[in-house]
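The following blocks contain the structures, represented as structure tokens.
You will see chain A twice below: alongside chain B first, and alongside chain C after that.
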Partner chain A sequence: MKLFDYVLSGNCYKIRLLLDFLELSHEKQAVDFFPGREHKSDAFLQINPLGQIPVLEDDGAYIRDAQAILVHLASRYDPTGTWWPVNDPSQLGRVAQWLAFADSITSTASAARLHDVLGYDLDVAQARAGAHKLFRVLDDHLANQELQGFNWIAGSRPTVADIACFPYVALAGDGGIELFYYPAIQRWIRRFVNLPRFKLMPGINIFD
Partner chain B sequence: MTPDTFTRSQWYAIGRLPDFEGAEAKPVRLLSQDLTVSDAAGVLSVNDADGRSLLTQIRYGHLWTTLSDTPRPLYDVPEFDEPDRRLVTAGGVGVRCSGLRCVENFLDMAHFPFVHTDILGVEEHPSVESYDVSMDAEKDEIWATKCKFFQPMASAAASGGQMTEYKYRVPHPYSTILYKTCPIREDVWDLVGLFIQPVEEDECIVHSFILVFDEENTDTGLLHFQQNIFLQDRMILENQVPRKLPLDPRWELPTRADASSIAYRRWLKANELQWGVALFNEAA
Partner chain C sequence: MKPSELEAGWFPAGLQNYVLPKTAGRVVIADNDIALWRGEDGQIRAWENRCPHRGMRLSYGIVRGNTLTCLYHGWSYDGAGACAGIPAHPELTPPKTIRAKAYRAADSGGFIWVANPGETTAAPSIDGDWVPNRSVHIDLAPTSLNELAEGIGAELVSKITDHAAIVRVPEVKGKVLLAFLDMKEHGAMIHTSVPASASENVAIAVSKLSTRLRQVFKASSAA
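Now for the complex of A and B:
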């Protein structure tokens, strides 16, 4: 199993997290995303015509899209069946809903970070405003979950939905987005970083 | 504030050569001024907002320019001409603080165990042993030598912990280079450095590079190692208050200020540098 990886990518971080949580042995192939734009090279477009990372190679097949890779890894390699709770159909739709939400976080919070850190030319005010709207929704949801005694996005255990939403929320500060207004998000981040085998990525601030 | 003479008279790196391939008036900001870079059949030119063409030179893998017509010469780094060395340029990373603060953080070994935990330092070995700081009067630059630090993973080529010896050089208010024990060859140094592009007084773009002997890692592997470390620094830098460098003696010197940081601040003062410096009464 091989991950096409970029060290500063939150989407690749999602996959690194789950590989570590499930203790799956794997190789990493470093992609020069910045400054080299290797993900747009002819060779890489053969691997992913969308020109995006992450991509996972497993059993000779390439899978793209961080959320799809999480589902693939969890459904295939998680003996506990909890990260992608197939045995609990009432949960699956919810988990899928938050996977889609995670991709909107990428197009807002991650875009602001690309602008501020790597100098991408885009409308950063719009990206930040979009992120704040999503974070309000996530914060309300997490607060509601807590009221019902649930610590995680889809219930009492962490799922791939938590992994998919975590990186660009936790890295929001890199893009000039304050998490100050989102107390439930802050508590969720603190729980997340305490998961066994969790590894920190630079840019994630865990004060106090 | 307009840049003081010392700041204005310097050359500044504004990007790597490939960043300007085919550029047509690509915008670049330097010392609070809007500039443009154009590529005419492989010849790069830089213009200011009034269309005046600025001096340029290509060195150390980057395009350099200056607002001055009579700049101070750009410092020499002879190691760039040594055969067998690998140069990896890591691209420009934006940081919301004065570039002067980035230089100071780079010089400060005390942050290794806490910011670069288990890579450039370990929490069990937090202390910085004393080292020598000297001025090279002829070249007007600062050297800190005989710096030693225990490092679990001194570079991408390291296979375990080692006592790493360092030298730091500050040849320019916005450049700093460190020379560290090469883990795979004796009697040579690996170089890591920052060429900082001051964008505003409290905002900069850091162009970093590594120039090392390494037979094992790919360029991209070296790049990831370097970018990972620099992003750890970035978060710390962005949390410093004030964003400009506090040089006024009425600011309490942070306790971590050590010999090289004191020499750097003295040198900036002696050269009457003011742009990028926090004034005491405009507290952040």
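Now for the complex of A and C:
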């Protein structure tokens, strides 16, 4: 199994997190995302015609899209069946809903970070405003989960939905998005970094 | 940054569970940036959010035992704000003049309260057992407690400070502790606590009610 990886990418970090949580042996191939734009090279477009990372090679096939790779790894390699709760059909739609939400976080909070950290030319005010709208929804949801005794997005156990939402929420400060507006999100981040086998990525400075 | 002096009195800085033992967090009171933290002793502390060394926000710091260590160069401070160690000079006993500026801080009614170091009044004491319920960010601060109570459809039962009161809301049985914190350019926070005896349904109803305040205290530019 091989992950096409860039250390500063939150989307690649999602895959690194689940590979570590499931203790899966794998190799990583570094992609020179910045400044080399290797993900747009002819060679890489053969691997992913969308020119995006991460990509996972497993059993000779390439899987693209962070959320899809999370579902692939969890449904194939999680013996407990909890990260992608296939044995609980009432939960699956809910988890999928938050996977889609994670993609919206990428197009807002991650975009603001690309602007501030890597100098991307985009409308950062619009990106930040979009992130705040989403973070209000997530903070409301997590606060009401807590009041019902649930620590995680989809209930009492962490799922791929938590992994998919975590990186660009925890990195939001790099894009000028204040997290002290969202106390329930901050408590969830702290629970997340205390998960067994959790590893930090550069830019996430939260210690247990 | 201006010298960090708050207005007189005690401010509801957040819910007690905003800062758990052995963690630090950030709060803005008017235009004062403040680091809140608890050691393993559980005591709440509020300091100017600025390391005396290089000005780094202390709210990014790491709590070990009952000391706070700055994330930048590792200067550490004891519970009273005195510098306790400088990693680049391990043999040095830090001079007593190196101190973080400490505000007064207290836990009461499920809230964290903060006041100026020279505040002479005691922190609010609130009858009964309260549990933290919800913190909600809103675009614009209410101009008064009355305006806030009106916004949530509540009746004031007793005023605690200019920013906090015990109220009664028609939708739920029992009383609610309701407060707001004006963060100026950062908007405002609404904080609620409910009696420890409140049911889960009441807790959720109060949380959803405070969420609705976002529509009442909305920036005119917001969609």
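FYI, the second predicted complex is superposed on the first by the 205 of 208 C-alpha atoms of A that agree within 3 Å, B and C clash if a C-alpha of one lies under 4 Å from a C-alpha of the other, contacts with A are read in each partner's own complex, and residues count from 1 in each chain.
The criterion applied here is as follows: a residue touches a chain if its C-beta (ideal position, glycine included) is under 8 Å from a C-beta of that chain, and two chains touch if they have at least 3 such contacts.
Since this is a predicted model, take the numbers as computed values, not measurements.
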Quiz item: Which partner does A:Thr159 reach: the first (chain B), the second (chain C), both, or neither?
Solution: neither
Exercise. Return first, second, both or neither, reflecting whether A:Asn144 touches chain B, chain C, both chains, or no partner chain.
Key: second
Quiz item: Can A:Asn205 be said to touch chain B (first), chain C (second), both, or neither?
Solution: both
Quiz item: With the two structures laid over each other on chain A, which partner does A:Gln52 touch: chain B (first), chain C (second), both, or neither?
Solution: neither
Exercise. Kindly classify A:Val7 by the partners it touches after superposition: chain B alone (first), chain C alone (second), both, or neither?
Key: first
Practice problem: Could you look at A:Glu178 and tell me whether it touches chain B, chain C, both or neither (first, second, both, neither)? | Solution: second
Quiz item: Can A:Asp32 be said to touch chain B (first), chain C (second), both, or neither?
Solution: first
Exercise. With the two complexes superposed on chain A, say which partner A:Arg136 touches: chain B (first), chain C (second), both, or neither.
Key: second
Quiz prompt | Footprint overlap on chain A, comparing chain B with chain C | solution = 205
Exercise. State the interface residues of chain B toward chain A in the complex, per the touch definition above.
Key: 16, 18-19, 89-94, 96, 205, 218-221, 223-224, 227-229, 231-232, 234-235, 238-239
Self-check item: Contacting residues of chain C [partner chain A, same complex]
Solution: 14-15, 17-18, 20, 23, 25-28, 59-60, 62, 71, 133-137, 186-187, 189, 200, 203-204, 207-208, 211, 214
Quiz item: Can you list the residues on chain A that touch chain B in the complex?
Solution: 6-8, 30-32, 34-36, 38, 116-119, 173-174, 176, 202-203, 205
Exercise. State the interface residues of chain A toward chain C in the complex, per the touch definition above.
Key: 136, 139-140, 143-144, 147-149, 178, 180-184, 186-187, 190, 205, 207
